[in-house]
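Two complexes, one shared chain (subunit A), two partners (subunit B, subunit C).
Take a look at the complex of A and B:
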């Protein structure tokens, strides 16, 4: 049993960088990852901006050390997971019980789309190799095999809160003495399936998104992967490097309001944030920074904002949506933003909420506008809310 | 702390049959299409929930199983955030994915797209019954009752939930199966001890 769960390693890839260092540089420069679509084959190339990882599958495969015929989802996952494990630098990792808990929502959909284009023209054509890893769990298995993780491998798929759920699920496995080390987080790659789908929901901004702005017009899609290496107290003591933070609180709640929309009173987000605070034995005033879910849709920011107001009023921590940099990486967002949350503690930084201009009329607070360093950041809350009403908040604390 | 837990009710929908607590309640061998069979179940039980018609097959199946499971359930025993849902299947939302994919060639349908995630079925059940507790959806090759039992034990023993609906809901084309189990701390008439073996027994009974 381990009462504390520590974060010993970080790995991330998204539209603003291929590793942790590149992300920090992009944040400091205030450079968003959104642009015209160049890699995804779609009729929306000049119309809808997205935050693509700026590497082809061949380039990703080289970095990942995997075959380039694999799904982009697997390649992104491998790159970030490998970085996290290298960062943790656990000697003799094979001597510990190690798990891989990875979330995603698209699986090998990108390859399936390639298959379908040929198959629909001629039912006798289409490379079946392209569909064997369609399933979400397949992507996790491919990466686990490449990482050499065998003790425990599982996939969680709960929409945009998937990765946040993977992280606290991994923490529970350690707390209960089932595992010593867990690489936890998630991945999603851009596909036509998701781009078309979100487009039909009419929640994609044709400009760069403006989370928590009165005049927000929707979200930008992104892609990427983010993983934490979670370790038990015993593993932490064996490391030469001090862990970055600990996971002190988490809560999952269901909004029970609508399949895809959040409730106007923010019940689910409120219950998730409140439960995470209780679990961490912290007061609202202890939180120094909230990494908001902040998709930029009318509905999310209103619902999340009301929930923040209910819980924090009248003293608000600094907060921002890093989706203003990375776009919404869907199933990966909880993992990507968990990495950012831990970096905020490690480096004493607050990320700006890009393009924020006009405060929302129903909210008494505004997000951070400038990159800040030299901050005292002891406790960070990270929010991830998904379709199906699935709401999760995580809290990371300085050691 | 280890708490006692019971499977107080179960519902299995498979092979054209709906059973509750090992009693067959409905059988309709006339339908070979999953959606048509689900509709016949809905009509047979006289359910009245117009949103049912908008759902994808996975949500329809899970919603129907939960409706039958919770027919005599007293919600007043629990706070809404004390009731959680834990589900698994092997085909994720593939049934809805394919339908949505077919619609793309003409006009991509937002009504189909919203169901292209497996956990939407949990959302539908939570909306119907007002449950706000922890929920999770796992993708597994087969119903891993050992895994599910461990999860449920943890959620009860850590006082995270007081009541849990767990089980399997899977649909792909004409193939479907749902097995839902209501887990509570109080023993009731006809309930069995919550265990992997009892989950297996109830899940695998012949229709």
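Take a look at the complex of A and C:
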């Protein structure tokens, strides 16, 4: 049970790039992905900025090698999962027990909302092809089928911590000896459903978001997918390329405070970070970088900030919210940011927290403001917190 | 693996919830849609909260609380749920208003409660439980994934008592949409004669079941979960028979050591053919029984099957209307061999304490 789980491959797509290399370039240039909405059909096109993946479904389908009638969620998932598997370059993958553990929050909702408009007019109308893959699990299954992964396939949905939970569930499947290789992470595409949902909560910034800033006004939504290829020690030994890192700690805790709001004392975030540290046998001072959940809402950043203070004071690691680049990719964020966390270790880089200006009055620390390379990054903590109090922290460590 | 099942609670289309005799009288439906019998939620949930909760949240939370009460545990070490469709009612409400009101003047309540983890989250909130909390949403494997997560947590010694369950609801809209894919019977059929219908389609169902799993045995355990496996898209009945034999061998068992086999037969003529084939290959016919005439068909119906199996080994009784013949033999081991849409197969081995 104490066996290591290694990260052998990475794949990511978001508003700042269609693959790992494009993401690294955007980070270095400090280019955020937020802009006016161009692809999502909504009345808020000129009003609410989001970080869209700048490809139409037809373009995504071509990259994914899937039909363009499928949910955008499945297309994004396939592109990132394929990149991760190609990157891992595992020879004879069919000889290993391979699983796909994915996460999302609204499945094929982008198609369902088109279907539902017609269905509401007449219960016999609406193209059934637009609703057949509504379920979260359907999206995972479409991708697993296309990847040819059959040994074990499942889907997790715990709001914005979904794919962090998928990654650590995948790692546990390996540690328990049930699988050798797991492609784990998550995806979400922008939908009117989520845009309107977050809009009713009045937590969408009309400008580009400013995580951890005293004057933050809310979050920007994003879309994307991020996957890690997790491998057992045995598989890692067989690889020609050295794995990037190992997953050294993880913890899932519940804030148990409110369905959508985070507790002011950061109970859930604190327990998640503390538990992950304990599991990794590390001290707070061992952490070199925290990829914050940092949505940019008043509530999250306050709660997460207090939790960081409780755990790390007085010596703070470098920190930033990469949501200042990608927007909040919801169910994908844990996967997308796990990729960024591993890249930070691999390349010795720290990402800037864009648009940070004024420190929060209740916090004694500030996030990183500049892109930094040449850093010694041995241990990275990645935070993902969601509705329902679902809080998960992961720790990635240099090998 | 051994996971001790301390307690089990189910809200279903039959009288299964609370202090009732074990399926003493079955309820007959003449419809292709079975709805759950809802209990008086005021015994479980603050009335102010009940009003705000949609049906799936109410039934999930009530079943979870009843299960904890029966198991005499106030704080589980983990809460894990499975749901294929999630909170359909809230999703439908928000979606409809968004479309009808053209994305304007919407209230957040339905959106807030539409996320798939709402049931697990509401349980945590009511218990003030800060422990591990997870939700699986993988179609016909949603409950099985939750159960595997629980079993692994026990093996990892991360938890001693785990609350694990499943919930799925059917709404008017989801029934209307699903019906257009033709999964349900066109003719009126009695659920009590489901397997004699010899026509295509099944009857729709919904429900919730929760279980308290423990790592070590305790005096009042109901049953033991000794094995769990899923397999996806088997192509032939032979392949299914082979998977079952492998599963049994892995548990040092042979088909003849199984006292009862609970299949996922759902009244659909074609599905029945395959199930008849592998059951005939492996088991004598008097051992083979079905359950979906009680619960209806839905992606997490296997949670109802587990509730049924647990009660059968505990009470050493196969209820009338479930067994084919009087069966007075002792029930040591039950194999649940569920199928959903002929695609999602799961095996659960349940034994007497």
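Everything that follows uses one rule, which is that the second predicted complex is superposed on the first by the 393 of 399 C-alpha atoms of A that agree within 3 Å, B and C clash if a C-alpha of one lies under 4 Å from a C-alpha of the other, contacts with A are read in each partner's own complex, and residues count from 1 in each chain.
In this text, a residue touches a chain if its C-beta (ideal position, glycine included) is under 8 Å from a C-beta of that chain, and two chains touch if they have at least 3 such contacts.
Being a predicted model, the structure only gives us computed values, none of them experimental.
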Could you classify subunit B and subunit C on subunit A, in the superposed arrangement, as clash or fit? clash
Examine A:153 and indicate which partner it touches, taking first as subunit B and second as subunit C; both and neither are also allowed. second
More residues of subunit A are touched by which chain, subunit B or subunit C? C
May I ask you to decide whether A:116 touches subunit B, subunit C, both, or neither, giving the answer as first, second, both or neither? both
Touching A:136 in the superposition: subunit B (first), subunit C (second), both, neither? both
Have a look at where A:43 lands relative to subunit B and subunit C in the superposition and call it first, second, both or neither. second
Of the two partner chains, subunit B (first) and subunit C (second), which one does A:193 touch, if any: first, second, both, or neither? both
Thinking only about the overlay and not a real complex, which stretch of subunit C clashes with subunit B: 181-189, 271-279 or 307-315? 307-315
Touching subunit B and also subunit C: which subunit A residues? 105, 107, 116, 120, 135-137, 154-159, 165, 169, 172, 176, 192-193, 196-197, 199-201, 252-260, 267-268, 271, 386-390
Using the touch rule from the top, collect the residues of subunit A that touch subunit B in their complex. 105, 107, 109, 116, 120, 134-137, 154-159, 165, 169, 172, 176, 192-193, 196-202, 251-260, 267-268, 271, 275, 386-390
Over in the complex, which subunit C residues touch subunit A? Could you list them? 79, 84-86, 91, 94-96, 98-100, 102-104, 106-108, 111-118, 120-122, 124-125, 127-139, 141-142, 145, 149, 152, 155-156, 173, 176-177, 180-181, 230, 232-233
Can you list the residues on subunit A that touch subunit C in the complex? 1, 42-44, 105, 107, 112-113, 116-117, 119-120, 123-124, 128, 131-132, 135-138, 140-141, 150, 152-159, 165, 169, 172-173, 175-176, 192-193, 196-197, 199-201, 252-260, 267-268, 271, 386-390
With touch defined as at the start, can you tell me which subunit B residues reach subunit A in the complex? 80-81, 84-85, 91-92, 94, 97, 100-101, 104-105, 108-110, 113-124, 126-127, 129-141, 154
